[in-house]
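Per-chain numbering from 1; labels A, B, C and D assigned in written order.
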Amino acid sequence: MSVRVFVTGGTFDKEYDELTGKLYFRNTHVDEMLRRGRCALDVDVQTLMMIDSLEMTDEQRSFIVQACRECEEDQIVITHGTDTMVETARAIAEEIESKTVVLTGAMVPYAFGSSDGLFNLGSALSFVQSLPRGVYIAMNGRSFAWDDVRKNRDAGVFEKLET
Amino acid sequence: MSVRVFVTGGTFDKEYDELTGKLYFRNTHVDEMLRRGRCALDVDVQTLMMIDSLEMTDEQRSFIVQACRECEEDQIVITHGTDTMVETARAIAEEIESKTVVLTGAMVPYAFGSSDGLFNLGSALSFVQSLPRGVYIAMNGRSFAWDDVRKNRDAGVFEKLET
Amino acid sequence: MSVRVFVTGGTFDKEYDELTGKLYFRNTHVDEMLRRGRCALDVDVQTLMMIDSLEMTDEQRSFIVQACRECEEDQIVITHGTDTMVETARAIAEEIESKTVVLTGAMVPYAFGSSDGLFNLGSALSFVQSLPRGVYIAMNGRSFAWDDVRKNRDAGVFEKLET
Amino acid sequence: MSVRVFVTGGTFDKEYDELTGKLYFRNTHVDEMLRRGRCALDVDVQTLMMIDSLEMTDEQRSFIVQACRECEEDQIVITHGTDTMVETARAIAEEIESKTVVLTGAMVPYAFGSSDGLFNLGSALSFVQSLPRGVYIAMNGRSFAWDDVRKNRDAGVFEKLET
C-alpha cells in the first residue's frame, strides 16, 4: 500500500531569490522533507505544477482532479497554497468518490526555518492512511471535511464553518 | 474533544550543554513545536518525567500507565525515547483498553535543526484523532500496533515484526 | 572601548508575514544575533530606521551621517540594505574622518535560516576593531574601502572597481 | 592574497549520530559555511585532523605548527576545539613569527542550528586580514593575543588574563 503525493506549489515550496529579493518557486522540498522525517512509507512524489494557488486556473484545477482519478493509489496527499485549497478540495470531491485525498500546505515556506510545513506533511500523511474515503484538508493539526472548512484569513488558520 | 500529550523525555527533547559538551534535558520543546505547527487542536501538555528511555524504571513505566488511565482525555500522545518505546507501549496496552494512545519520539533532538521531531509530532497528533482505540507507535510516517513493531537499531527505523 | 551598531533595516532584518505572504520589517535581529555569536564586546545597538535601502531618502541618509558624527564611539557598524550601501558609505565618508565605520548587510534575511547575516555581522564587528580610521563595506568575507567598491547585482557579490 | 584555513575538529564540526545518540566527527562544515557566508575570499581549506581538542597530543600540536610554517599563505585561520585552543596558540607563537595566525572555534556545533560558528568564522577571517603578524584567538567577537587570553570554563567565554 503506497501513498501518492502531488505537488502543486504554494507557500510550502517558496524560496527567497537573493538577487531580486522576491519569493519564487524552484523545485519542491517534499523529497527533502520526507528524508528529514525519516519517512519509511512507500511514497511516490510527483510535481503537477509549481504555482501560487491564487493564480490557479480552472484548467489547472481540472488537471489536478484528473491526476487524482488516474493515479493507481487510493491514498493521495496534495501540497497546495492555502488561499484556494478549499476550492480545489471541492473540485476533487465532486469527481472522486473512491479515494482518500488530503490537501495540506504551509503558512511559512519550508526553506525559512520556522515553517509549519514539516508538521503539516507529517499530519497529512498520517490522516491519509487512517481516514475513510473522502476529501479532506489537514492544517493546524486537524482534519476537515472538504465541505465544512474555510480559511480564516485574519487569523491565518483553518476552521469549521459556523453552523 | 481534546488531546492529552504526556512528555517523558527521549532524544526528542535533548539539548546541547555548551559548557560541558554533553547532551542533557532542560524543558520540553513540545509547546514550542505546537506553536510552530500552528496547532489549533485543544491540546493539554504535561511533563511526566524527563529521561533517557534506556534508564526508565518499572516504577516510571507504571507511572505513565497510571497517568494514561487517570486523565480525562480518550486520545493520548506520549513523547518517548525510541529505545524502549515498544516496551512502554506494551505496558500501556496491558492495562488500557478504552483509549487511543500513540507513542512517538525522534531520532535527532528537535533543537538540532535537522530533527524529525516536528514531522513525528504532526503524525502522532493526527493518528491519535483518527485511529480506533488501541495503543500505537507513530514513527517514520507510519503507525504500528503495539504488538507488531520493533525498533531496527541498525537502520534507525521502526518496522513490523517478521511473520 | 565599545562599538556602536546602527540598524537601518535591509534584507538583514526582513521577515515573512504569514498572513499576507509579503516580506516586512518588525524589530531588528541584531541583539539575537549577538547573543547567538556569544559576543562579549561592549556593543550598543540602536535602530535608526527600518527600511529597504532602495527607498532611503537623502534626509534619512543625512540622519545616518549625523548619528555617526554625534555618537561617542569611534567604532561604528551599520547594518544596511545592500542595494544602496555604497551610496551611504560615500555620504558618511564625505563628512566623517575621525572614526572607523563599517557597513554590512545580508543577501538573505537572518530569519530565513540560510542567511549570510551572522557571518557578515561577525566580520563587520571584527573589521571595525582592527581597521584604521575610514569608511568600509564588509561583505563576502572581505573589507572594501568606500571609494573602491560596487555591488555586482548579477552575481550578488561586492567587488572592487575595475582599474 | 589568499587565506589558508586549517581544520582540526572541535565542537565546531561535531555532529549527532542518530543511531548511537553520541556526538562524532564526519567531515568539516567549513566549506558549507563559506558558501553560506557568500565568502568571496581566495580561501584554501585543508583538514589536518578531526579531533576533540582535549585529546590532542603533542605530536598533533607539532603537526599543526609545521603546517603553519610550511604553507605558502601568510594569513592562516585554524578551527580548533576551545578547551586547548590557548595551548595550541602558544605552540604556534613559539615557532612562527612572520605570519598572522587566528584560531577560532565554537561553543555549539554548526550543525545544531543555534551555533556561534558562522559568526566566529566571519570574525576570524576578518581579523586574519587586518591584524599585524602574530598569533591570536578570535572568539566572542573579540581578538586576543595568544599570551593574554584564557577560556573561562564556567562562563563559556574567552577573556583577557587578569592583571
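Note that contacts are C-beta pairs under 8 Å (C-beta built on N, C-alpha and C of every residue); 3 or more make two chains touch, one makes a residue touch a chain.
Treat the numbers as computed from the prediction; the structure is a model and nothing was measured.
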item	value
Classification of the chain C:chain D interface as same or different, half of numbers criterion	same
Centroid-based (C-alpha) most distant chain relative to chain A	D
CA centroid of chain A to CA centroid of chain C, Å	39
Intercentroid distance (Cα basis), chain D paired with chain C, Å	26
Whole-Å gap between the CA centroids of chain A and chain D	45
Two or more partner chains touched - positions in chain A	107, 114, 156
Interfacial residue positions of chain B with respect to chain D in the complex	11, 16, 18-19, 21, 23, 107-109, 111-114, 153-154, 156
Touching residues on chain C, where the partner in the complex is chain D	33-34, 36-41, 43, 107, 114-116, 118-127, 129-131, 138-143, 156-159
